Amino acid sequence: MEFFLQPLTLVTFFPLLGVLLLFFLPSDKKNLLRWTAMGFTLGTLGISLWVLELFNAPNPHLQLVAKYDWITVAGWNIQYHMGVDGLSILLLLLTTFLTPISIFSTWTAVEERVKEFMIFFLMLEIGMVGVFLAQDLFLFYVFWEFTLIPMYFLIGIWGGPRRIYAAIKFFLYTMAGSGLMLLALLGPGIEGKTFSLPDLISSGGIPTNTQFWLFLAFTAAFAIKVPMWPLHSWLPDAHVEAPTAGSVILAGVLLKMGTYGFLRFNIPLFPQAAVDLAPWMALFATIGILYGAALAFAQSDVKKLVAYSSVSHLGFVILGLFALNPEGISGAILQMFNHGISTGALFLLVGMIYEQTHTREIKVYGGLWKITPVFGTVMLIVALSSMGLPGLNGFIGEFTILLGAFGSTAINNPWYAGLSALGIIMAAIYILTMFQNMFLGPEGSIVEELKKRGHVLRDLNRREIIIMIPMLIFIFWVGLYPKPFFDLIGPTVDNLVAALQTTTLALP
Amino acid sequence: MVPQDYYIALSAILFTIGALGVLIRRNALIIFMSIEMMLNAANLAFVTFANTYQHLNGRIIAFFVIAVAAAEVAVGLALIVAIFKSKHSIDVDQMSSLKG
Amino acid sequence: MPPINFNDIEVLLPLIILVIWACLLLLVDLFIPKKHKWLTALLAAFGLALTLGFTLSQLGSESNGFCATGKPSICMVVLDGFSVLVNALLLLTGLLGVALAYGYLKRMGIERGEYYTLMLFSISGMMLMAQASDLIIVFLALELLSLPLYVLSAFARSNSDSQEAGLKYFLLGAFSSGFILYGIALVYGATGSTSLSQIFEIASVGTSSLLLTIGAALILVGLGFKVAAVPFHMWTPDVYQGAPTPVTAFMTAGAKIAGFAALLRVFGSAFPNLSEDITPILWALSAATMIVGNLLAIAQTNIKRMLAYSSIAHTGYILMAFVPYGNPEVAPVSIAAGLFYLFAYTITNFGAWGVVIALEQKESKGLQISDYAGLRRKYPVLAGAMTVFMFSLIGFPPTLGMVGKFYLFRAVLSGGYTGLAIIGVVTSLVSAFYYLRVVVNMYMFAGEPKTDNEFWLRFTIAGAALVTVVFSLVPQGLFAWASRAVLKLF
Amino acid sequence: MLFSEATTTSFFSLAPWLVFAPVIGLLINIIIGGRFSEKLIGAVASVASGATFIVSLLLAYSVWVGHGQGESIFLAEWIHVGSLSLDWTFRVDSLSTTMMLVVSGVGTLIHIYAIGYMHEDVRFKNDPSRFRRFFVFLNLFIAAMMILVSGDSYLMLFVGWEGVGLCSFLLIGFWFEMDTLARPSWANSNAAKKAFIVNRIGDLGFLIAGFLMFWYLGSLQFDEVFAAAPELADTQPGIIIAITLFLLVGVAGKSAQIPLFVWLPDAMAGPTPVSALIHAATMVTAGVYLIARSAPLYNLVEGAQSVVVIVGAATALFAATIAVGQYDIKKVLAYSTISQLGFMVAAVGMGAYVAGIFHLVTHAFFKALLFLSAGSVILGLERGHHLLAHAHNGGAADHDDEEEVRRTEPAEVFDPGDMRNMGGIRKTMPVTFWLYMIGSLALVGIIPFAGFWSKDEILLDASLKYPAVYWLLSTAAFFTAFYMGRQIWMVFFGTARHEAAANAQESPKIMTVPLMVLAGLSILGGLLNLPFKGFHNLGHWLEFTLGEVELLGLDPTVAGLSTLLALAAIFISWLLYGRVTLKQADRDPLKKPLGFVFTGMENKWFVDEAYKAMIVDRYTDVCRFLADVIDSRFWHDWFHEKLIVGTYNWFSNTGLNYYADQKIIDAFANGLGRTTKYLSASVRRIQNGFVRSYALSVFLGVVLILGYLILK
């Protein structure tokens, strides 16, 4: 019993109760199914808030640790080891926050096979929360891979016309990376006789050469997940075909698993390699930022646009992480959260209009702000947050990241930050172009077409507004008063950077 | 006395002939006979080595092998007969409906 | 003639019981009317369970049996942790095989009592293989397990595919026994003995002779054939497709376990000194098997064939663990990993074949992957279980397959064969292609599959799925077991 | 710290209300404004803006009684991460209060004016519901501008900096579904987007300057930066130069200097109060404020200063020449604004901060006046035009009847802003005419109007420090007088060239009264800083913040020369435009003598076209290329689909003659080349079902293994 009452165990496996309950509910009572799933995700959110309450921010170490022997025979030393610290607390909250929002957004969007949808969604939440809390390499891997399965079904069953293609591509791509990670995480596990991350870090001393290869292997998994340029090819397909809720979770949480992996594993576990390779990571991040932004501009499909913008935004996160200084890393963590909120909100909004018009072609829209003023205003705020307008959340993250990267001794080249800052202009270009083409200008052809079909474009309804309000609150909150967020992150990051400085040669 | 190397060489040749027979012939019975030839080549080797080491082991093994070969014959012939009954042919090349 | 040694009997006790039971069953079956063949099945299962009980009671004991007079190290059979676990696994395979077969035989109209007897005999051959400590016993056990399998493959007499499968298997099997026998002869020639312990002693003294190495290589070929390693695998898809499905299920697991047991036993205890020569060959075989098995599986539309190639691929994975067999530090991990993976594979595999059997209709209908379309809607539990099996075969959590692969890779990496491990990972990725195809069909396409409600089949499938998931979450016990499977060395 | 001076008369703690007041105003209008009447909405917004003005006054008073002692008022922690620590802190000193007063003062007047203006505008454009939105945006602008001028750190300034950029975007694109002539079009939204993006380019410079400051000077807070700068200037002056020049990029964006000025003329798409408030009086002067604020940095590096001067002076002249060739009443003013901003930038570049700020203040007065008067003219023409339309339709001219207006579609495309449609408005709109005259005279710099004093001070400074620049600026001043003269003659004198002009109607009081206030300020603004000893009020006031500044007297030569130039220019313009009234279809009289030069002026020297050809189109091309060719065709289709998926297909084909599972592979199917088909056929042959070939495989395996063992 003690095992199950650990706060972190509870927050991870609470949705499992929902899954079990859903199995026994009749599949034709759709609203019952929806509210059950909603209830359990809200419950998880509640538990995660309890975790936040228990979390002692100034303590830079793992907290609320749940540690039990799992497999400890035959030379194995695998533990059920969960813990939360400044690196993961925000992402935990982001996950538990976005999941109910996504489920709420499916009320009218998912009408078929509701029961399965909800089951998969709850399973997905288990995996995602587990990824952010696991402190044992093996446990992490299990959760990491597990998230793939429900997402695969979510895309493959409830997705768009090319859903199966997208689902398989998503699955194989991610699996390709994680396979190498599997080998790599066995490396320290065999050498160090343990899979516990804190133990491995504190024992340290992986030879520089080994660090290098293991770093690359982990990078393969994380870089695909992020996705870093040039491994991004699966993302637009997956995003375009995924149902709205899937896109939200995919962009909001799943991609963060990659950047989080870098932060949790690559940097502390292979500090020397991280320092040595930081310029390369920065290079790829910078290319990703510019490339993603350029591509986003050229898209005619709004979901693709947002997908490519994710490539660009997550480039910022990578850049910040490998600045390897407190500014960059804190900024990157906050930016993960921000991106989850902003891009999640973008996908939600795109989904809301798609539900009415069934097209994602930007061309056919136009002048929506006049027809649907509330929708337009919310979209504007979210879009501005995505392009990093000061006063909104995106800016805080991007600014601190660029600031950190600019003076980073690890990257040691202000050009990366300088060029990446171009990404901010390019973000303005594609976001504003998108906003203009959909919401400004004369009425688009879709309005006429809908009229012919007897539809009138409606503004956001109450449910949709309720979905968006918490997103907007976070957008403003982080933008205007990010202190509580930085307070959660700061101590752990300072500790991490200090540890880096003691374990590596290159950092002064 | 014939040197034992000759016996071993003979056994190797017999084995090879047997193996090639399996590869070349199309009649299931002849293939089967070739396999028997391979087994007997091994028997010859056993007996020769037994002679070299002055053991009984190798000779006893030869008897085991003969017994096993007999069992194989029983099963093999039954299979071949069954197939002949339905297909009226024991050409192994005609049995290629399973492939790919 | 030496007096009967009860110790010898004890070493082989489960095997002896099983053989006697099989012989009795053969007789009893004559008196069981055609309508009540379930009784035969039940008796066979009971025999297997009984033997399993005896086998498990042997856990922890270690001894030799049928030793040369005055030379207690030169023995015919051996009892050790490894053999007990392999035997237990084989008996489990048998039980699952019976469970899968019962309804199927009835449905297909080929219900005859000999089926179970033949299975019991084959299992006794397999068990003997795990316990053999003399090459000639290995050969005899090989024949004992193979001959009933030839017959079983052709068991559906009216089905020409089944006949073809039987004959192909028989011809090629006999062909490969020729190699193994000749290999034994050469080893005998090189060392003057067929006893594993003596071969080990002699081989470790002198420099390794070419004769010995070639002999060992030929034995490897023969065993490689049994476990379906590339390039000795070509019979596998044809036979697995043609044979009645429960036989196939039984073969994929049983013959593989026995083959690997012999491989480990022979090479681990007799030829560790040849590892310098043999390891590269094993490496190549393993890599080729993984690659060819997975790539050709992609092309299949028939689920039996696909699973056959998948079985080849899994041979490659398991072989991977044995590549560092000559490294005394890694060898125990290798054995444990291999054994664990065999267990994981057996459970998953039986589950998957169970679903295949459930959907198979007369005249080889319902065997296309596209016949699985819409399974989710009509039979959600079946589809769910199949999904679990497919993910387990890919090696995805939370399934046994994933834990097994984890264990395997650990062994390989411990031995320092990173390249092989990478091939393993990449080919698993390739394998996801075709396993997912089944899942896609079940969940994302519409169709009207049909299946009969057969309790034991359903029970087996559900049980396998449950075990696959649950034991992946609490594998501690299984790991402990696997690690007890130590080869008794001399 | 908050009340370290602890004077009873200190109102410093009110500083946050600079922002809160307009935010409360806009929140009220957003949340419950839907139920308000237009008057009430306007009143709420104006009161909010007025409250800001009062707070500004109180703050200025506090600074004054504190003998110029400024205060930093801490509100809340903001970004504290690593060694970066920034707070929401308001800086109240003489410089920032000057800006606050200008912004909130002019802003409030424009709020009031806009109540009248927008009332009509939304009706002419057929969307009265947008009235509320306008005032929300205006209040938002005031809030952002207040953050800009009161920020205590570069980053907080940047928040306001981008915030006003956003408001500019929103307000330029206020009528986003049409062009300036209310035809359905993308023009207005394009202008809005252009403004934002060009500004962002400047902001990039700002950001990079910030990064440099942080890493080399250790902070972004003004005082800390300034304190650390001298030391750095000794060791690495290059860094300071870089910082100041990157800041200049930001300034060029926001204050529409070369080469980033292109957005401002387009920004005239916004409603006229917006043009007046944002794009003339306040926002665009933020760049000037930034340089003045960064004076301690600029003072350290003379090289950077001269760059600023050159940019400013060049802009002043360049824009002035373009203004000569424009026909749109607002476009002329827009280029005039750019030109005047050039004056200011040049001034602050020279270190003549007082002159720059002085001109900023006076310019705010008279340019706001000019724009608003121009707005009045435009509305007057609109009214006249609608009157005509009604007359033609035989209906009564009742403008307050919304239904009536809505049904009335303009019979022809009529551009009420085109000066070629005007003429003789002097008579129909006398109040506006006089207001416009005052504004023009102030702009042209006729003594004693405000513009004279401030411009003269800049010219004087230039003549002392940068003689060449002095001549550039004087030439610009000459052009200024010429284009203003041209405008006045074309708009107000002569006879009407269009019936609408003949029927133009004067604007209501709510619009003209604020204009009168501005006119008063335009006349008397010079009093702020007369070039006589004891009258350097602004100079002394700013000294509190900027440190010792040089206070110049009046140089009769410079003043006389500039006045002469102005009068000469006006005279020439009368010769060309005033003597004879032009006909509507007439070519511009300058066209003939100047030829292609005038064509250049007319077409803004083709800068927009050049940017489009060199940058905009190229950017689009590159993006398209990356998206279509590199990412889609090469990376996605070729590499992934052909190479990876194609290989998969190929293996599918090895076993079978057709795609393995059509339904699934459909998605992957991309056709196989002949080579792959051939290959697949040959591989298929191996697993052919023949026992003997299987045996051969075994045999070959044996041979291989034995071969390896023997030959090893």
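Each chain gets a letter, A, B, C and D, in the order it is written, and its residues are counted from 1.
Assume a contact is a pair of C-beta atoms (placed from the backbone, for glycine too) under 8 Å apart; a residue touches a chain by one contact, two chains touch by 3 or more.
Just so we're clear, the structure is a prediction, and the values are computed from it rather than from any experiment.
Nearest to the overall CA centre, using the mean of each chain's CA atoms, is chain A. Distance between chain centres (mean CA atoms), subunit A to subunit D: 35 Å. Taking the mean of the C-alpha atoms as each chain's centre, subunit C and subunit D sit 77 Å apart. Subunit A and subunit B have centres, each the mean of its CA atoms, that are 65 Å apart. Look at where the CA atoms of subunit A average out and do the same for subunit C: the two points lie 43 Å apart.
Listed for subunit B are residues 19, 22, 31, 92, 95, 97-100, each touching two or more other chains.
Along subunit C, residues 167-168, 171, 175, 179, 237-238, 299-300, 433, 440 each make contact with two or more other chains.
Looking at subunit A, one finds that residues 164, 168 touch two or more other chains. By the definition given earlier, chain contacts exist for A-C, A-D, B-C, B-D, C-D.
In the complex of the two chains, the subunit D residues touching subunit A come out as 76-84, 127, 155, 158-159, 161-163, 166, 169, 173, 176-178, 184-186, 188-190, 192-193, 196-197, 200-201, 203-204, 207-208, 210-212, 214-215, 619-620, 622-624, 626-628, 631, 635-636, 639-640, 664, 667-668. Those residues of subunit C that touch subunit D in the shared complex are 167-168, 171-172, 175-176, 179, 210, 213-214, 217-218, 220-221, 224-225, 231-232, 234-235, 237-238, 277, 280-281, 295-296, 298-301, 369-370, 373, 433, 437, 440-441, 445. Within the complex, the subunit B residues that touch subunit D are 19, 22-24, 26, 31, 92-93, 95-100.
Residues 648, 651-656, 660-661, 663-664, 686-687, 689, 691, 693-695, 697-698, 700-702, 704-706, 708-710, 712 of subunit D are the ones touching subunit C in the complex. Interface residues of subunit D, counted against subunit B in their complex, comprise 655-656, 684, 687-692, 695-696, 699.
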